[in-house]
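Below, chain A partners chain B and then partners chain C, in two separate complexes.
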Partner chain A sequence: MSDPAQDLHALPPREFLEHVHSFEFWLGSVQGYLAGRPYGHHDGLAEPAWTDPERDRLVTILCHYCVGETMALEGAGGLIRAAPNRPTKVFLATQTVDEGRHLEVLVHRLAELGVADPEREIERRTSAELIRFRDRLLAFVGSGDWDAALFAQNVVLESAEFAVFHRHARSADPITREVLLGIIKDERRHLGFGENELGRRIAKNPALHGRLRAVRAELDPLVLGSFERTLALLGTPAAERSELGRDYLAAVERLGFA
Partner chain B sequence: MKDFLDGYDIQYWLESAPQGYLKNTEYGHAPGEREPAVLLEDPVLREQAIGVTVQLVVGERCALAASSGLINAAPDEGSKRFLATQTLDEARHVEVFTHRLLDLGVKQNELEDVIRERANPNLVKFAELLLEKVDRKDFVAGVVGQNVILEGMAFNVFEMMHAANREANAKFAHTLSGTIADERRHVGFGENRIGSLIKEHPERKADVEKLQREMSYWMLATFGAQLRQGPSPEEVKQRLAARGVAPSEGAATWQGVRLGDASPAELESALGGTILKEFKIRLERIGIEYQTPVAP
Partner chain C sequence: MSLEGQERRRYELDDRGFDEVPAKYRKYYRRLDGPGDKLAPNELLCPVCKVVIRSTRELREGDRVYCMACLTRLRVVAGAAGLEGVVEYT
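For the complex of A and B:
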């Protein structure tokens, strides 16, 4: 028989949620993959011999990621006030610092690539679709609309980032790949939280599903438009670009939000 | 300013807190540490411990709401990232002090009622005032209220509580020492960031001073009310002796006051004196003149 003290999944539902949303759980989760990787990667990984256009393309892509992570940081922080109970507030605090760390490692990567003023560069290279997505997300957060804001943040935005980072990591240089893989590990936790929290709320209130579908219909074009731009910058052939969109749509559907 | 914020980045925080002084702890203390049996057995001492811990939870909930809310109001990306670390620090404090309430025997389903019923009204008033500034996205007022007044003043209280518990309750003392280490960072950020903002916006000096006067009142009123509650030093000694707890060899002292013997008035005086002395120095560094609040 399972020992509840040893087996997390043997805990009663309330205690299970309390545990997996805690600072202690977060600390145990991140210790393994952050130790020894200051600013997201091991020291000593070799920087490729970039040509100027290659470096410039990567800088633009990372600037887009920084916009995504800044909105995720502001969104997660802003959601804490709207969260319905202490464990969800604590989880969102762990997510807030994860998003802040993602922003920090990406800004640091920009500096490694020779960008002298990352904040100015990020602002200069931001895409219109991302700004519109950010405005909608922060409007949901600002209005204290827990369901819509959590869906936009932890399902739509996190699924989009997960799909992009995953695909980019496959072809990235060793330093960027390690940075992205560390971010992906955090995002799995964030996606799981969104799926579980919203899943429970939909089970109690099935009408919520229709409402979230409408939010998704509004946000999907902004996500897909943003992908199009990022993939073009990555040099992905047009025929392959739709694959990323499919990755994203499949991820959202896998989470039960078809 | 860039250089100052470099010392407050998430990498530094990860290395100093989660991978530093929090390593090998659980809920802020060493694994296996327990509340002293006498605290759980004596109803008066237990009630006193619950009352104090409730104020810690209320203060930390306020700090969590304020620091997370200020991320969106921060004028630069470095401050946003620092506030992300502060948000998680405050959430951890909420978690460890809530856990202490459960360790003291408060039932999970009674937790919110206990917190609501026993929250000090002065502290609740302070929280309302601070969160009103945060809701208006007033970064300067929010950071002054949160990182300079709330954390700056609470810092001394935590130090006093740490001195009182170092020998008597190692579990609670360890929890407090991690909290104190976090707050030292938060106060440092507040001083540096607000100092630079006041230099950039001298027109804010007068309303920040007014805010300090108003907010300090509620904090000092909270400390005074808490110190005047609970059993007298003599009663505490009698209750400990009745359960066979011998007085510790070295009496706990803080700022020259023997904590086990001091009356509430003596404690209030020592605490008030220390808080105000350090608080005035801190405000001077920021470029703010201390405004004396009306006596609580």
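For the complex of A and C:
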């Protein structure tokens, strides 16, 4: 690779893409914000004095996040085989590692909050919309449908998580906040990867547009329903909730799905 | 007013603590510091991930910059409130 100290923005596009999809780039990126934070946060951060309802609400929210991260883990790993070339396969390998870490730190946070059996709580508290979304996403992955699966996972799911985690981090306790901010940093790569890969594919094959529009129509109510439910649990005012969906809508608009 | 032919201002970039890319690229990025944050002439907001992209020279319409935080290439265009980035799917 050329010397980036000269001018990063002068790199040829192919050289840039090759580099940012690599494990080498991923390693250098995550070292900056994961080192020294076991299970996603510094040791010694104080746990607030929770009331039972506050603690219970946070446990429900984290259980929803765990379902999202589990489907993203299974989705990213399952999509490696369907990925069309080496850079996208390698990128998905890095995303799979990220998603596995997210799930691990969130389950660890549940344990810190006193949840003795996280798997049971996750199963018990998850919304029906999220389960239906998971089933559709994993069906796309299972059938090797690269475009639909990537759209569902890296555009729809990642954009929704990005917005919800941002909102939650603003009002969260110090430990949950640090865990979420670490996840958000990974999510930037994932949602950018999805949008750019699909944007390139639509540019080469405009017919793809109609297909993905139908996928979006099917998934929107599921993801937006789940999104609404989580934001309500966070105490987000109704007016602010629609504003938070803006990033997701902006991404689909850039891809031409407005 | 056309800037064509005018020499561009150069900028020495410093590390602003952006820790989401490998150390050698950190100087090219910074976080947006709230709604009142004003971008410098060598800076552009990434519309995908909302990170501020920095260049060693003043940006002008038609320039291309990279957002490494979200793997995106952007073309600089003139918008209603100043320079904006449009995603290029290349």
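Note that the second predicted complex is superposed on the first by the 228 of 258 C-alpha atoms of A that agree within 3 Å, B and C clash if a C-alpha of one lies under 4 Å from a C-alpha of the other, contacts with A are read in each partner's own complex, and residues count from 1 in each chain.
In the analysis below, contacts are C-beta pairs under 8 Å (C-beta built on N, C-alpha and C of every residue); 3 or more make two chains touch, one makes a residue touch a chain.
Quick caveat, the model's predicted, so the values are computed rather than measured.
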Practice prompt. Applying the touch criterion given at the start, work out whether A:Phe23 contacts chain B, chain C, both or neither, answering first, second, both or neither.
Written response: first
Discussion item. Taking the superposition on A as described, I'd like to know which of chain B and chain C A:Tyr33 touches: first, second, both or neither.
Written reply: second
Worksheet item: Given the touch rule stated above, what does A:Glu104 touch, chain B (first), chain C (second), both, or neither?
Response: first
Worksheet item: Taking the superposition as given, does A:Arg189 touch the first partner, chain B, the second, chain C, both, or neither?
Response: second
Worksheet entry | Which superposed partner A:Gly245 touches (first chain B, second chain C, both, neither) | neither
Discussion item. Quick one: is A:Glu74 in contact with chain B, with chain C, with both, or with neither? Answer first, second, both or neither.
Written reply: first
Worksheet item: Do chain B and chain C land on any of the same chain A residues, and which?
Response: 31
Worksheet item: Contact residues on chain A for chain B in the complex?
Response: 14, 22-24, 27, 30-31, 34-35, 38-39, 70, 73-74, 77-78, 80-81, 86, 89-90, 92-94, 96-97, 99-101, 103-104, 107, 119, 138
Fill in: Residue ranges of chain C in contact with chain A within the complex
19-26, 28, 47-49, 51, 55-56, 63-73, 87, 89-90
Discussion item. Under the stated contact criterion, what part of chain A meets chain C in this complex?
Written reply: 4-5, 7-9, 11, 13, 16-17, 20-21, 25, 28-29, 31-33, 185, 188-189, 191-193, 195-196, 199-200, 202-203, 250-251, 254
Discussion item. List the residues on chain B that touch chain A in their complex, please.
Written reply: 9-11, 13-15, 18-19, 22, 26-27, 64-65, 68-69, 71-72, 76-77, 80-81, 83-85, 87-88, 90-92, 94-95, 98, 108
